[in-house]
Amino acid sequence: MRDVVEIGLGKSAQRGYHLDDISIVPSRRTRDVDDVSTSWQLDAYPFKIPCVAHPSDATMSPQTAVALGRLGGLGVLNVEGLWCRYEDPVPILAELAGLGPAGTGRLQEVYAAPIKPELIVERVKEMRGGGITVAVRVSPQHTLAIAPVILDAGVDILVIQGTVVSAEHVSTVDEPLNLKEFIADLDLPVIVGGCTNYQTALHLMRTGAAGVVVGVGADRHSTTERVLGIRVPMATAIADAAAARRDYLDETGGRYVHLIADGDISTSADIAKALGCGADAVMLGEPLARCVGAPASGAWWHSAASHPKLPRGVYAPAAAASATLEELLFGPSHEATGMVNLFGGLRRAMAKCGYETLKEFQKVGLMLC
Amino acid sequence: MRDVVEIGLGKSAQRGYHLDDISIVPSRRTRDVDDVSTSWQLDAYPFKIPCVAHPSDATMSPQTAVALGRLGGLGVLNVEGLWCRYEDPVPILAELAGLGPAGTGRLQEVYAAPIKPELIVERVKEMRGGGITVAVRVSPQHTLAIAPVILDAGVDILVIQGTVVSAEHVSTVDEPLNLKEFIADLDLPVIVGGCTNYQTALHLMRTGAAGVVVGVGADRHSTTERVLGIRVPMATAIADAAAARRDYLDETGGRYVHLIADGDISTSADIAKALGCGADAVMLGEPLARCVGAPASGAWWHSAASHPKLPRGVYAPAAAASATLEELLFGPSHEATGMVNLFGGLRRAMAKCGYETLKEFQKVGLMLC
Amino acid sequence: MRDVVEIGLGKSAQRGYHLDDISIVPSRRTRDVDDVSTSWQLDAYPFKIPCVAHPSDATMSPQTAVALGRLGGLGVLNVEGLWCRYEDPVPILAELAGLGPAGTGRLQEVYAAPIKPELIVERVKEMRGGGITVAVRVSPQHTLAIAPVILDAGVDILVIQGTVVSAEHVSTVDEPLNLKEFIADLDLPVIVGGCTNYQTALHLMRTGAAGVVVGVGADRHSTTERVLGIRVPMATAIADAAAARRDYLDETGGRYVHLIADGDISTSADIAKALGCGADAVMLGEPLARCVGAPASGAWWHSAASHPKLPRGVYAPAAAASATLEELLFGPSHEATGMVNLFGGLRRAMAKCGYETLKEFQKVGLMLC
Amino acid sequence: MRDVVEIGLGKSAQRGYHLDDISIVPSRRTRDVDDVSTSWQLDAYPFKIPCVAHPSDATMSPQTAVALGRLGGLGVLNVEGLWCRYEDPVPILAELAGLGPAGTGRLQEVYAAPIKPELIVERVKEMRGGGITVAVRVSPQHTLAIAPVILDAGVDILVIQGTVVSAEHVSTVDEPLNLKEFIADLDLPVIVGGCTNYQTALHLMRTGAAGVVVGVGADRHSTTERVLGIRVPMATAIADAAAARRDYLDETGGRYVHLIADGDISTSADIAKALGCGADAVMLGEPLARCVGAPASGAWWHSAASHPKLPRGVYAPAAAASATLEELLFGPSHEATGMVNLFGGLRRAMAKCGYETLKEFQKVGLMLC
């Protein structure tokens, strides 16, 4: 039964569950790890692993997007980030890599520089040159202005992502983005989000998006919860969005929209649980920012951490990297934290629970404890 | 269903929920932040923000009451505090600002001085001179003795506040205050509380009060819970009082009594959640005590911390102020703690959840997690 | 509904609640603190406060038993403690007062000395000389052997207390104590326990006891839970025993057996909650051991901490005493911890919740949060 | 009622309970500790205590297996451990005893050496010479290859143990072990596991095993949960397996399969709770590794901690041993942690709850708190 509680007379709240609240349960069958596949496909684009980069300057430069793409994941460059505001962001990234824990003020300053359309073109070209599936992220607020530049530059996948995105944005001030019309006019697959519940997910699916981002990207450095009061229990959010996917599949007679979970994911266990709740892929932020060769040398900040008036994430200073990108994704690992060999861990979890493909693994049993 | 549990054979307890237990949930709609209003009105007095000062010497001097009033909130001076016990409390406040963590003993001493009626008149005059809506707080025990002085001095709003106030105080020792008769005889709006449940809230509404304080003002420095065993889960207390407001509205054919939440509120998220549970406004204690220019230079103590025999709050030494009063309320913020730009944060939370006014925002969805 | 959960197929567990899990709830009425009474009476013996000493050498010497009795509580000397093993235990207590945190080994040694009947007589005489109600504690194992000495010495109240005591002790090795026959033959009121549930409480009542100890005396220094797996959620244990008291009252047409809560009680809030769950009085251990003039100068150990083969409590080194016995019980307090002015705090809690006597206060509303 | 929760629309999770979540409850009867028996028998082999060694190099050498056997428990040597990879593992164990907290890398190296069949024969001989019941552990992956050597060497009990073992292992790569056929062909009793739920337990019973290991051996140093997402709430896992034992008993008209709980067990309380949930015996890992004379001088690592690509346990450096093996099992204890005198503690818990034999004790009441 849905877990709805009356917190006071006539006032109800639904109970939500975090990935940390749940675990996956072995079935009566086990499977050889070499028989397990972690492959994923979005529209025409196949991936070796269900891994999408969280589009942040600490995770993605054109170079790391290429590296991730070549290893089988999907890199996503933020066209509203430093690479499209500065001709040469490398010195700035080097400076940001060395900020102290109270680095918010400096983040606000460097992100105050304007976005330069010509740099967008340039960056897309760099990624295209790497031979990967090219994806960039734009915010809903800037989509109408920036999208033409992006499309002209020639990307494969467009990611329209904000903290909370709805299919129905009301404004008496600006002409708001009509996602449905906008996406209908495009030739390429669009990923849109974040969203946090069944209804918003369903409405975003109805815009024609190929993928929906579930969650607001919150991790232990995010303060969305303390600032806005919005806390997203990811297990519930993913399962609710999976119900929307099912209903939308029925309503359209077969359009399958992919769910990309963005939030609370830093270990192989988190990935396994997110997929077990119904996600098709996961977005990785901090893990990608921490590996050898990451753009900000191991420092990490969420995009919302640089908001000019209301920052919603804490700058996390660089930590010693324990793994290269390849080791991060595929091992071998020499520590037992679940933070290295992320997709090797996923593959082994699937084997021990008896599942062969990601789609089947969405049916894995869950336990609350 | 109401969450009632049998904790032992034949003994039940109702389950209550704290603001920390809940979060607010975006709806299927988002809204432009510039379309959102945080305005609030109590009786004839309009406010730009639903913000009432907790009447404590660490938050409110006549000067800071004026400052808060000018910025759009409601300042409340405690006429049983130092400003009405000492001709010049400034040196005492300076001393209290520098106490060590075990400052309780000294607090007990300085509050042993008698209240001087002529100072009440003087302080009200100072606030009146600032051009703001003038409000003062008196305890129920002292209301009969002090109220005439206050009324003669000419205030706009009277706040009768104790830890727990009921409409039915029984005493064989003193003639107790009959709130209903007392308020009926007054011309000005009265705010009364704190209360912690439906029935007490309803009875206080029936006294004719314009506003009811919900909660006992407990924050992390309060020890009401350890001393008295009374712990108020604010989400439940507010929702229950909101049910009383609804029933009283029906019973009177339209008298709307405002709920002012007092307890566990220190971030913009807390404010959003309190309003989402049904509050009309919030009381701020520690946050106001911590900003630049606060009366005790950043030190904070709850009124109950100075009780002569049974103190119920811990003296909190001054911390480095990170914001002016204006920044505290409206930003910009350069930290991601949710403790600066409180009402800018509220406004953005309302926008992301798709609500335009405070009254509508009381219907925001809640999640327990 | 009783909260019973199937933890696995066909295996159920009842959910129990700790005092920390609950709080007391103000009613729609408040009451003048001077109208509140905390008086308690057991059999023919009246007490100013519902306070029984936990019979441990760290809390009770003949002198402190007298001091507690004169202040209105019930002192209980452990006749199996150091005062009845050593002619002059003062030097030993002084040594124990200075043990390090790993003092268990030394405790085991000093308690290996034999109990001397002549010292029992001597100690009872000392207490009798203080003009108080005289009570001593004996374990069920030693009752048959020691009781004659105690009775000859002339005590007012006998406390038969072990960690877990049942009315039906089975042994093929020794002749076990038949509590029912034993108590029936006595002229004086007997307090017996601890017990942890409805059925054992009811059976102990049927032995003819005047009072039943509920709980195993566990506090934060106790390790009964880690050693035996027995954890007693006191709110549930007290409420269940109160149901047994009610049923026994009915079954006997009016015999009222007092419940003395022993465990998890160190603040005025804890006392208020224990009484609110249905207790008639509380046993205090560590609080009495910590005040100025306590037998072991502020050190504290539970009796079970000295078990020769399986100690079940941690020796707690002396801490700076913050209050005399009188201040501990009646204030004034100069700290806000709830650990000083214990019964002044209880009185104020009763007033704020609107209750006049302890018996009425057992009906106070409870909240789980 | 089974505790099943809808965590999102159409997605359910069963709630599971850890040993820490529960406690055991005294009944209305108590029993003399000298009347209590902790004896256990598996197939033809009687044991004084229901204690099986977790087959890890940090707990079991041939010598410590003999010592445990002589004290009344069941030692189990891991034939895939260092004793069967190195002629003389003593210097290696000495080195491993001194690793720092980040010892995983070195563990991976030493376990890369090949298993030598002739050493298996040698080690079995050493144990046989000690006059004990001889048991060894092999992984399911290596059973077909190694079992013939083991059987020729002449063991009494075979333990086939992996993290998660099912009766139905699917592989297109190797010919998988068919447990049912394999066990049917054997003359000696087999213990097999770990498993985590009713169905897997039942299927493992149907292979003809004499005992089933419940749990994955996780303790506070294990990271199975962080790496694989598999977290086993032991109270629920044991109770579910006990239901399988009951159903299998009925289905076979009387074949009783023993449950050996492996995970979260380090105190006498944990042992009592595991048996109270329905286990017949417990596996001890870290406790055995910590006592005087343990193979790695007090250091501890779980077998999974040395996995070459995906380690799932943290190396725990040696701590000062507080007890010999005999004291660990039978006391006396001079500390109150529940970690010494494990089976004396169990015996006392049984006495206080009123039970005489292990089988009866499986019916002890449980409380959730």
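Should a chain be cited, it is by its letter among A, B, C and D, assigned in written order, with residues numbered from 1 in that chain.
The rule we apply is simple: contacts are C-beta pairs under 8 Å (C-beta built on N, C-alpha and C of every residue); 3 or more make two chains touch, one makes a residue touch a chain.
Keep in mind that this is a model prediction, so the values were computed, not measured.
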Query raised in the report: Degrees of rotation, nearest 5, to put the Cα trace of chain A on chain B?
Result: 90
Query - Same-site or different-site touching of chain C by its copy chain D, using the half cut - result: different
Query raised in the report: Counting in whole Å, what is the centre-to-centre distance of chain C and chain D, each centre being its mean C-alpha position?
Result: 40
Report summary line: Per the C-alpha means, the centres of chain A and chain C lie apart by a whole-Å value of 57
Query raised in the report: In chain C, which residues are in touch with two or more of the other chains?
Result: 15-17, 236
Requested in this report: Spell out the residues on chain C that touch chain D in their complex, using ranges where they run on.
Outcome: 5-18, 102, 104-105, 108, 163-174, 176, 195-197, 199-200, 203, 223, 225-233, 236, 305, 308-314
Report summary line: Per the touch rule above, chain C residues touching chain B in the complex are 1-3, 15-17, 21-32, 34-35, 198, 235-240, 242-243, 246, 267-270, 272-273, 276-278, 331-338, 341, 344-345, 348-349, 352-354, 365-369
